[in-house]
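Can you keep this structure in mind? I'll have questions shortly.
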Amino acid sequence: MRVFKQTHAPGTSPGTLPERPRPIEPTVVHLVRYGLDGIEEGDLPADVAPPPTRASVTNWLDVQGHNVEQIAELGNQLDIHKLVLEDVVNVGQRPKIEDYDDSIFIVLDHFAMDDDSILAKEQVSIVIQRGSVLSARERQSGLFDPVLQRLRLGKGRIRGGGAGYLAYALMDTVVDHLFPVLDRVGDLLEELEESILEEPTKDDRAMLHHLKRDLLVLRKSVWPLRDMLRNLMLSESSLMGDETRTYLRDVADHAALALDIIETYREMVSSLNDLYLSSISNRMNEVMKVLTIIATIFIPLSFVVGLYGMNFDSQASPWNMPELGWYWGYPAVLLVMLLMVSGLLYYFRRRRWI
Amino acid sequence: MRVFKQTHAPGTSPGTLPERPRPIEPTVVHLVRYGLDGIEEGDLPADVAPPPTRASVTNWLDVQGHNVEQIAELGNQLDIHKLVLEDVVNVGQRPKIEDYDDSIFIVLDHFAMDDDSILAKEQVSIVIQRGSVLSARERQSGLFDPVLQRLRLGKGRIRGGGAGYLAYALMDTVVDHLFPVLDRVGDLLEELEESILEEPTKDDRAMLHHLKRDLLVLRKSVWPLRDMLRNLMLSESSLMGDETRTYLRDVADHAALALDIIETYREMVSSLNDLYLSSISNRMNEVMKVLTIIATIFIPLSFVVGLYGMNFDSQASPWNMPELGWYWGYPAVLLVMLLMVSGLLYYFRRRRWI
Amino acid sequence: MRVFKQTHAPGTSPGTLPERPRPIEPTVVHLVRYGLDGIEEGDLPADVAPPPTRASVTNWLDVQGHNVEQIAELGNQLDIHKLVLEDVVNVGQRPKIEDYDDSIFIVLDHFAMDDDSILAKEQVSIVIQRGSVLSARERQSGLFDPVLQRLRLGKGRIRGGGAGYLAYALMDTVVDHLFPVLDRVGDLLEELEESILEEPTKDDRAMLHHLKRDLLVLRKSVWPLRDMLRNLMLSESSLMGDETRTYLRDVADHAALALDIIETYREMVSSLNDLYLSSISNRMNEVMKVLTIIATIFIPLSFVVGLYGMNFDSQASPWNMPELGWYWGYPAVLLVMLLMVSGLLYYFRRRRWI
Amino acid sequence: MRVFKQTHAPGTSPGTLPERPRPIEPTVVHLVRYGLDGIEEGDLPADVAPPPTRASVTNWLDVQGHNVEQIAELGNQLDIHKLVLEDVVNVGQRPKIEDYDDSIFIVLDHFAMDDDSILAKEQVSIVIQRGSVLSARERQSGLFDPVLQRLRLGKGRIRGGGAGYLAYALMDTVVDHLFPVLDRVGDLLEELEESILEEPTKDDRAMLHHLKRDLLVLRKSVWPLRDMLRNLMLSESSLMGDETRTYLRDVADHAALALDIIETYREMVSSLNDLYLSSISNRMNEVMKVLTIIATIFIPLSFVVGLYGMNFDSQASPWNMPELGWYWGYPAVLLVMLLMVSGLLYYFRRRRWI
Amino acid sequence: MRVFKQTHAPGTSPGTLPERPRPIEPTVVHLVRYGLDGIEEGDLPADVAPPPTRASVTNWLDVQGHNVEQIAELGNQLDIHKLVLEDVVNVGQRPKIEDYDDSIFIVLDHFAMDDDSILAKEQVSIVIQRGSVLSARERQSGLFDPVLQRLRLGKGRIRGGGAGYLAYALMDTVVDHLFPVLDRVGDLLEELEESILEEPTKDDRAMLHHLKRDLLVLRKSVWPLRDMLRNLMLSESSLMGDETRTYLRDVADHAALALDIIETYREMVSSLNDLYLSSISNRMNEVMKVLTIIATIFIPLSFVVGLYGMNFDSQASPWNMPELGWYWGYPAVLLVMLLMVSGLLYYFRRRRWI
């Protein structure tokens, strides 16, 4: 996963939206209007302004996709600050909270891991205004369907909780999505550990590296997320009700737990890396031992048989290789070599090499 | 030990208890009612509400096991917050304290290490209410038997200390269980050190890795535990009496000591890892030296004997291997080879290889 | 890139400017006078004093180059503190803000990376006075052209924002220049990762080292930059208007994001270093395996053929190498060697070496 | 040195003293009563209560040894809190200060290093009460003899300083004992560095590991010691006079200096570890080079001489090894081999292997 | 450089000066009396008391050398606290500031690096009293000559700045001496980097280790130095005038810059260490490849030529090595060997070993 991608040239005016946005699938704005009395929903066409807010009715505008002009238009209609719109569109921001007088701007990251264990990151922006919540994400997905479902069913506090509670529910959903990812990472770590303890492969090395990088990306996102949630909990903004704060503590707890797990996994990856390196060294030691044992046994033997392969002329002198003519010469050489092998094997055994 | 296991789908309503709980042994609720005057105890059937609290009498409900419905029912009867119940049932929380108006919710981890040095972790939840303590753990065990025994004997402050002191006694018991685990880890570290200093094995490598992981798990639990106990000590809740606070300082001290030992052990494991790696390198060096010495001595000798094994026709020319016909040819070659070996041995000795 | 270069002898009086400055290209002072009504600009000759400030007109003096005397003269004319001038001229300062009564002194670093991925650093000093901004950098460049362009066009808040907003715009431009550099570093990291995962080369090693050093230099600059911007945002100086502070939060956010990316990249480089080392070890393992397999197969075979190359006199004794005279002798030896090879290959296969 | 040893079963009542104490040499309680007017001293028998305190006379009870019952008895007579007594007897506490209303309880560690460089640790407990100091250590030793000597001589402030100053003198003595230990560690580090730079041995590896562990133990003790002394300096207890506080700053400075040296040594040990590892790698490189040079020179030569040792029947065909019958055949082969060796030596020289 | 050397026995009375001081060159006390009106200077004999201070005249006593008795005598005459004198004489203190009612005691370290790149450290103590500054260093040197020169010339603020400004000037001089040392370290790092990237040698390894140690020593001194200077800047002592504080910020900035450079260099050394290790591994890989290529090519060839060096009696059976009698036998064997070599070379080329 690429950590960062530059979006606009240095020196441009603040609040400048990117001119040539990335080509993306069409943007959908789903509008939900609900209160204790009922709920109505539908897609908001690109050129229609959202309906004005009313007491006891909450507007939820769920923007899916990145049509820059449409978002800019919507932002103007809702009277959202230029710098906020810039951050909504220029994805890749750190999770943060910005507390304006009449609105709260929140950025989070939604993570998902597919079947090939590739980590995907999506920026989710939430703008809370009185009686209205705007959520924006990079592409169309079913991310907020459970919240929509709870709104439709009208169970629990959700219909009566106002904009603050809805924002909490959205954030809770995003934070909860961390756990299936961490669960998957945990599985991968267990598989890796088993594989490395048994027999380290080249794939393990690449997998270790990818996990390290993914956990790094997760940590860089969850660390500010936790702080952001705590700040939101302590924020004195009237947009978050007192009851909602209790629930925010719960989601902040979840973020802290996720961070804890991430840190633990990071140390495990580091420990697995040590294990991998020592496994490789161990294997090299074994390979070297085999080579050394074979070479140490056979090189001296080869010398001996080479010795008696020399062609000194035994007729020219009684000192020239008389062994070749002895009666027991050959068996004696065989015996000597057998003793050499036995001695070396004993030596290796004593050093616990075999 | 698996660090984390996901428990429910993202986006569900807060306070949702898991629908399909893990199959576990039956849940037992042990009720103890005591005061300065006496003590009565017994198992509370699943469908019976706990008796109301009375001044000067403390109710202790000790829940062993994880029957979700039974715990939910009990929680309702005791008027415990939905989010608290969720944390009691969804084990794997971080040690923490949550200070509600009329109750304190505490989560700790109980650790044990069996004979195979496998670390086991169990979440212990404690809910303190006026005149009543609810303790919940994952399975039936004798963990709190010493406290029960002290209650039965009625010695010391325990019968007159109220709910706060009982909660302290339970926490103290859980924290004290850290030390036998650390003791065992210390033994394992000593064995490992001895083994690695003498001769590192493949098992040492795996054991090092497991200890590293276990200490990581312990640290991730004891770090928040220490903070939690300090917060509890400083908490202004009227549920903890002033005298109990002095004892809380003692148990917080114990947690700090445990954390200290864990950190020390973690650095020792890291040092042992270095030692292991350098031991392996040392061994490889030794193996390589043996190979090099043997090869360096015998390869040149083999060349010499190979040289005089060539079949040049000495009759075709007086320059063709006349050495083969010399009178002292064979002894001279033997002497030359002896000198070569001596020279190499001297060289190796000087470089301190042998 | 050299991290630090000493500029003057120890013990000299404070505020001493370097006597023999580095030879540099001529210094240009570009003067821009603007207000809501209009803008005029031109180069200020070396011996002419800048015009006095007026209400509703802002003077921007953009000094490009390092002619020490000229800068000293200009500093005197503008009544800038001796210690500030020393820091403007002795480049290599840490990013910092110094809050004087009637002026603010700011130091930042401008980074650029050329096509050969060589990181270049330039100190940018900004002195904010009432109605006047002095910016000084080490050499002539188009760094501030976008700001000049926006001033000329007069769009947005820039003409009416006063000295504080201009200083913000300059700082924003410098900070924004971090991102193309980080983008390039990200590209290099991706290339490196691919190369190392496939086949580590000697160049990768040098590149890793250079990236590590560059990121170190970046971090050492961006870390104090972020703090400096936060301090500036919180500063109570009347030179920065309230509206400008909102924009300062934005640029401080950018600096924090840059720092985040730098930290992430640093950990990635460290992870790539691990990957590199384990890749080398892996390759050495493979090389050793090839050597061991070849040697283990052929060294025993060589012994066997050497054995039957011995010249024992089979006529001197029936025990002297009777095999040589057997009818099936040669085929039998070939068969024995074939069996040896098969056995070894089977052994290697079982150990998963081949 | 074992870092930690468990002392009592989990779940026992707070303040429980260990039932089966470690068998130790007899406990001696040395009583010193002194004031500006004079001094009297003697051993206090086990069954005699210490004399009551008087204004202008300070009682110092110096307990050497660990007779649990005797200490418990003494504690009761002096009205010392149960939890304090537990910490006095259960040695292995972290250095700490506990500030009670009418007494201060201090725990420190006394370190010593014997001639075999084995680090020994002893817990020293000090209880300060009005007009009385109780010091307790694990065994009989001359640790506090210099203080006793100064009391007997009556020089300096010591006789008139009261209980607070005496406690300071005892702590100062214990802290000062850190420095001979650090001095010895410094000597060992210098020896190690020299040995590793010259030629790393297996003993160096073990010594490095032991030093790392000892410095870890020292750090874990001196870190809380420094904080404890600072807290004591800032404590508002009336038991420490204002003048004594100035001296406490001095001893706190010493503890900070010791911690500094320990941290420096720890980094040196880590640096020596790196040096050791790279030394081993260097040596392996050298060994491999020798092997490679020998093998690369002689293996091709052996092939050549083996080639002309083949027995092809030169009579069967003019193509079968006609070289064997050439007039200059043997000298030509010798020349070829000489050229091969020269070429290889040149190649090795160019690669700077020899 | 030895980090620490013990100076006195544990348990001695506070303020005890060392009895047998190290033998050193004679101590010189240089007295400078100056004010706005003039300056007089001269060496103060050992047995003469310094002249009393006067308004508008500042006394500077510059003690060079370590004659303990002379310093003790001087300290008594100047009414300096016993503990301060102890720290002046027992060099090896951490940089620190101690704020007494009527005086300020400052300790710094002066560093120098000679031509052999050996780092030398000298403690500089400064005692500021009303109208008087005492500076003490370990040996005679020209360290403070630039300050003396500025006093003699009387330029700038120095003659009228009083004791506080003089102390600042001395500290500034000592801090400025850090930069030539860091400059030299930077040169050495650049040389090392070049050498390691090209070809790592044994000297590089030792040099890396020494640099790591020197930077450690520097950091351990500059870290408290920076804090000390900040504390001094914030100190409310009337001995430091308000104008002097502005200059103190400058020197504190320099110390912070020095610390920054030191930290950067430390990370560079660590990065060079990684580079060194991977360079060694790379070289070993290359050596192993050469060995493997040679062995893999020639060992099979040697087997083939050995095969046809066997002496099976071709007359005893038509199956006994009939190849030896074939017409094209020898050329065929040569061809087979050529093919083997080609195949292996192709294999190595494909694996990119050659």
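List of remarks:
A, B, C, D and E are the chain letters, set down in written order, and residue numbers restart from 1 in every chain.
Quick note on the criterion: contacts are C-beta pairs under 8 Å (C-beta built on N, C-alpha and C of every residue); 3 or more make two chains touch, one makes a residue touch a chain.
In this text, all values refer to a predicted model and were calculated from it rather than measured experimentally.
Considering every other chain in turn, none proves to be in contact with both subunit B and subunit D. Steps from subunit A to subunit C, minimised over paths through touching chains, total 1. Overlaying the C-alpha trace of subunit A on that of subunit E calls for a turn of 145°, given as a multiple of 5. Each chain gets one centre point, the mean of its Cα atoms, and the points for subunit A and subunit B are 25 Å apart. Averaged C-alpha coordinates put the centre of subunit A at 40 Å from the centre of subunit D. Subunit C has residues 277, 281, 284, 288, 291, 295, 299, 302, 306, 309-311, 321 in contact with two or more other chains.
Around the closed ring of chain contacts, the path that opens at subunit D and continues to subunit E reads D, E, C, A, B.
The touching residues of subunit A, when paired with subunit C in their complex, are 2-6, 9-14, 83, 92-94, 96, 98, 199, 202, 205-206, 209, 212-213, 216-217, 220, 273, 276-277, 280-281, 283-284, 287-288, 290-291, 294-295, 298-299, 301-302, 305-306, 308-311, 314, 321, 323-331, 333.
Considering their complex, residues 144-147, 150, 155-156, 158, 172-173, 176-177, 179-180, 182-183, 186, 190, 193, 197, 246-247, 249-250, 253, 256-257, 260-261, 263-265, 267-268, 271-272, 274-275, 277-279, 281-282, 284-285, 288-289, 291-292, 295-296, 299-300, 302-303, 306-307, 309-313, 316-317, 319-321, 352-353 of subunit E touch subunit C.
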